[in-house]
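In what follows, structures are represented as structure tokens.
You will see subunit A twice below: alongside subunit B first, and alongside subunit C after that.
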Partner chain A sequence: MSPRVLGRILHGVALLLVFAITVFPFYWMVSSSFKTQTDLLASPPVWVFTPTLTNYADVFADEKVTRAVVNSLIVALCSTALSVVLGAPAAFALARYDFRGKSDLWFWFISNRFISPIVLALPIYILALQIGLLDTHLVLILVYITFILPIVVWITTDQFRSIPKELEEAARLEGASQFDIFWRIYLPLGIPGLAVSAIFGFIFSWNELLYALVLTRRDVQTAPVVATSFMSGYELPWGKIMATGTVIVLPVTIFALLVSRHMVRGLTMGATK
Partner chain B sequence: MSFLRLQGIEKRYGTVSVINGVNLEAEKGEFVVFVGPSGCGKSTLLRMIAGLEEVSKGDVFIDDVRVTDVEPAKRQVSMVFQSYALFPHMSVRDNIAFGLKMAKVPRAEIDRQVNEAARILQMGPLLDRRPRQLSGGQRQRVAIGRAIVRHPKVFLFDEPLSNLDAELRAQMRVEIARLHEQLGVTMVYVTHDQVEAMTLADRIVVLRAGRVEQIGSPQELYEAPANIFVAGFIGSPKMNLLNAKVTGRSEAGIEVSHPALAAPLQVTGRRQSEGRAAPAVGEEVRLGVRPEHLMLGEGRNLIRLKADLAESLGGSTLIYGQTDSGETLSLQAAGRRMFGKGEAFTAGFNPADAYLFDKAGEAV
Partner chain C sequence: MAETTRRTRPGYARWTPFWFLAPAVSALFVIGIYPTLFALVTSLRQYNLTRTRDGFPFVGLANYQQVLTDSTFWQTLGRTGEFFVVVMPVEVLLGLGIALLLHRPGLSFLRALARVSLVVPLATTYAVVGLLGRLIFNRDFGVANAFIGVFGFSPFDWLGNPTGAFAAICIMDVWQWTPFCALIFLSGLSMVPVEIEEAARLETTSKTALLIHVQLPYLLPGFTAMLILRSADVLKLFDAVFTMTRGGPGAATELISIYIQRVGFRVFDLGVASAQALLLLVLTIILARVYIRFFYREIE
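Right after this comes the complex of A and B.
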């Protein structure tokens, strides 16, 4: 066997291994959601079983879950939309203007992400409690913006920088104002970058658990919080938890698969030109 | 009063000076070409006329109005960029209409103007395409169309043809000349290509290191270059330069000698009016002869040469030879000529076609 063929086989095996490791938990969640409690707790695990939809029936019958999905949607959509609306002009300024402290500001945006989220959980909880924002959509939206905005600013600034400066100069000569240049030139040309950061932002908000758990109580619990909330009491309804998990993960997974090509392109856009 | 006037223009980036006191006056409808090697400041100068670069010192006047501090859009200038700078997400129509839209021109008027520009540039069928669906030449035309519709007082071109292949470049050059004739607008055109400069310009401004070396019509620059730099830059292939010595002066001109010349040569100065002192007897000078003025084995002033290389251009041959003292000369001869390496030959020229430059490189 030539080294080339051997290399290819090893490469394939390694890929399969990585694939199995990453996909297995997902497979386990989905398959468990179709199992009865008995099959679920069987030891050794049952690989062949008669699927049941009772878990899903339970989930969709539970008003808590449907409300949580609606809450998740509200929070994720609002935080993403606001981050894009606030981030795009910021990125434009960072990409095209020179001002004092620009690089510090630029770094500050991303340095926000250096802090482990749990460090700020308590201070933010106390803050929310004191100003009476606990258990509201608003508090989650605000907190998520602090996470998503830096991503939007970073990706979009990079995208904006890759737009040739002559376009801006041509527009200036044609009588376009700074706002026109932003609105008619940069924004349309920056859509790939904005879309990528919006997708990241949405997936982040949709999946976020820690702050949602800390800052909500009953009314605005998001889907991940509700999924974990089943883990209280004496009996753990694994089937229902797994079904809820599947219901939460499925939409973003399908979405991510659909847009993955654009995401890669958006992320490498500035690099090659 | 001239239409476009640059008065003592300077540009500095920090301590680095890129434009050093440029003065220029252009008449209405004139075609002015800035030419020079890369880094000479020609594009910067153009961008200062456009208002895209701030002027460090001096003033820009357009149609008798001082526009030094006026923002680009209010100067009534249009610019065609080297990269065309078309808006990739807009159709050709929207690209051309952009400036009119910005100026809030009524819709019907915009349509009329865009169609008129499309007619002039013969690109009606392309109006609904995107820039990326167009060839280089077509993009160029759209960029010009966008410039036309605003009816600018001055048209600015920043190396507009450098991204095109040779054939298309020649074709677009003709079109730009035709456009200039048709519109009668003042045009300022930047290029490093002396052929473009010679063919398009009413007046050429030769720049080097942020200074104007010479301003004049293409013929003036060819016939009476102010110095060695201009002489070398205008004309293709480049002018030959030989190290010669002044051996005498008379009413008829300056007598110079060169080891490769059988007899001293009488050269008439071309720029006596400049008021510079003519070189004294015994002084070193540079003798210039253009390749197209050297004739194989003809004329009275024969130079002995040894062939280095002969490049056949089809209809003519470009021959490179060396003098005994090792100076390389090129000459252009009609027809196909064969030369072996080291083969001896002679080339002559008419003294009236010779140029003289003093030690400082200034024309005599």
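Right after this comes the complex of A and C.
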């Protein structure tokens, strides 16, 4: 066998290995969610089994889980929508205008990417306790804006910068106001960037655990919190836990695949493209 | 000079940018800056929710003094550093290897398949990663023990002992974040101009020479980015480790964010926890500044 062919085979094997290891935990979660408790507790683990839908029936019959999924949806959608509404004009200003303190403002937006949620969770817990906002959708929606808004601002500013200035100059000659320029030119042309940042916002808020754990009690528990809460007691309902996990992870995985080209940009705030 | 004359007639009122920025800035002020200042005030008080009888008196810098002399605080910070030092080189080296595999010409279908699969760990809900870790590393029926069994090792109680639990959280982190490094390196590799890479391939058949002399300069910015971002992420790390081990057994996997959460929400000493969180914030701001200095120079 020539070294060229051998090289190709090794390349292929290595790529398959990367694929297998990367998706294995995901596969294991999904396959476990179709196992009976007996199959789950088998030692050594079983690879071939008769799939069952009992776990999913359990999950969808459990009002705690369905309510948590609805809560997660409400919080993720509202916080993302608000971040887009607040972030798009800010991105327009950062992309189009020169003003004093612009770079400081920019850095402040970016810095939010680095801050540990525990730093804000403590004071917001006390404040929410004082004004009676604990265990409400509102408090989570507001807190999630702190990490979604910077992403929206970053990605959208970048998108707005790529819009040719000639379009705007033509509009100005026809007497368009600055708001018209934003509303009629930048916003429609910036939709791809806004969509990508909205998807990131949704993924990050859907996945969030720390704030939700600390700021909710019973009514507004989100999906990750409820999934975590199954982990107590002597014999854990592994099938149900894995089915819940699958229900939580599946939508964000689909979203992530949609924006996979932008994944790195979203996670590094654009330092690398 | 031409630049300044153009700027004097920008075609919009001086206050226009302000109106566009006001909503976002005021929102972040109310939900970001104000709570941070509130945390600063809390950190100067005795603020324990289990002992509210005396109110919340100001105690000056006593909480900070307590934190700085608290050996557990330094241990968790040290453990967080240790975690970073263990996972980072592994993620970088594996990431680089995967990026090179994906960059190598040929086998486009397999390459696309592997490339797309890398997104899966990155999007997986961190809390679910932790739950999965509990299942995979279970002593009795975990698949990890089945794997090491193939190589003749006897079953191991991963989560039941300090070293095993620390190794398990490291493995899950490597699984989740190696793709991040791989994708960054891959985008670096694709920045190398095709002509340069091809010319170099004609000059040398050595892959190492190609990597060091041609590709490395394009990989360095991404490498710096992942170093800084990953260190910030490790300081933030909570969800996956909390659901997997709750910081245990003992304190074997108690990283800094988990410790602060415990002090704040299980001991309910919010004064001390706020002081800890603000010290963490200072560390984070330094990291963010370094990051910005490196990557956003063109905006200044």
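Worth pointing out:
Rule of thumb we're sticking to: the second predicted complex is superposed on the first by the 239 of 273 C-alpha atoms of A that agree within 3 Å, B and C clash if a C-alpha of one lies under 4 Å from a C-alpha of the other, contacts with A are read in each partner's own complex, and residues count from 1 in each chain.
The rule is short, and it goes like this: contacts are C-beta pairs under 8 Å (C-beta built on N, C-alpha and C of every residue); 3 or more make two chains touch, one makes a residue touch a chain.
In this text the structure is predicted, and so the values were computed from the model without any measurement.
When the two complexes are superposed, the chain touching more residues of subunit A, out of subunit B and subunit C, is C. When the shared chain is aligned, no partner comes close enough to touch A:L73: not subunit B, not subunit C.
In the superposition on chain A, A:L16 contacts subunit C only, with no contact to subunit B.
Using the contact criterion defined above for the overlaid structures, shared-chain residue A:P164 touches subunit B, although it does not reach subunit C. Of the two partner chains placed by superposition, A:L133 touches none, neither subunit B nor subunit C. Within the superposed three-chain model, A:P188 lies in touch with subunit B and out of touch with subunit C [touch as defined at top]. In the superposed pair of complexes, A:V30 makes contact with neither subunit B nor subunit C. Of the two partner chains placed around the shared chain by superposition, subunit B and subunit C are both touched by A:R172.
Applying the stated touch rule to the two superposed structures, the overlap between the subunit B and subunit C interfaces on subunit A comprises residues 172.
Against subunit A, the residues of subunit C that register as touching in their complex are 7, 10-12, 16-21, 23-25, 27-28, 31-32, 35-36, 38-39, 42, 47, 98, 101-102, 104, 106-107, 110-111, 113-114, 116-132, 134-136, 140-143, 145-146, 149, 175, 179-180, 183-184, 187-188, 221-222, 225-226, 229, 232, 235-236, 238-239, 242-243, 257, 260-261, 264-265, 270, 273-274, 277-278, 280-281, 284-285, 287-289, 291-292, 294-296, 299-300.
Interface residues of subunit A, counted against subunit B in their complex, comprise 164, 166-167, 169-176, 180, 184-185, 188-189. Put simply, subunit B touches subunit A in their complex at residues 50-52, 71-74, 77-79, 81-83, 85-89, 98-99, 102-103, 146, 150. Subunit A meets subunit C in the complex at residues 8, 11-12, 14-16, 18-19, 21-23, 25-26, 28-29, 32, 40-45, 82, 85-87, 89-90, 92-94, 97-99, 102-103, 105-127, 142-143, 145-146, 149, 153, 172, 178, 182, 203, 206-210, 214, 223-225, 227-228, 231, 236, 238, 241-242, 245, 248-249, 252-253, 255-257, 260, 263-264, 267-268, 271-273.
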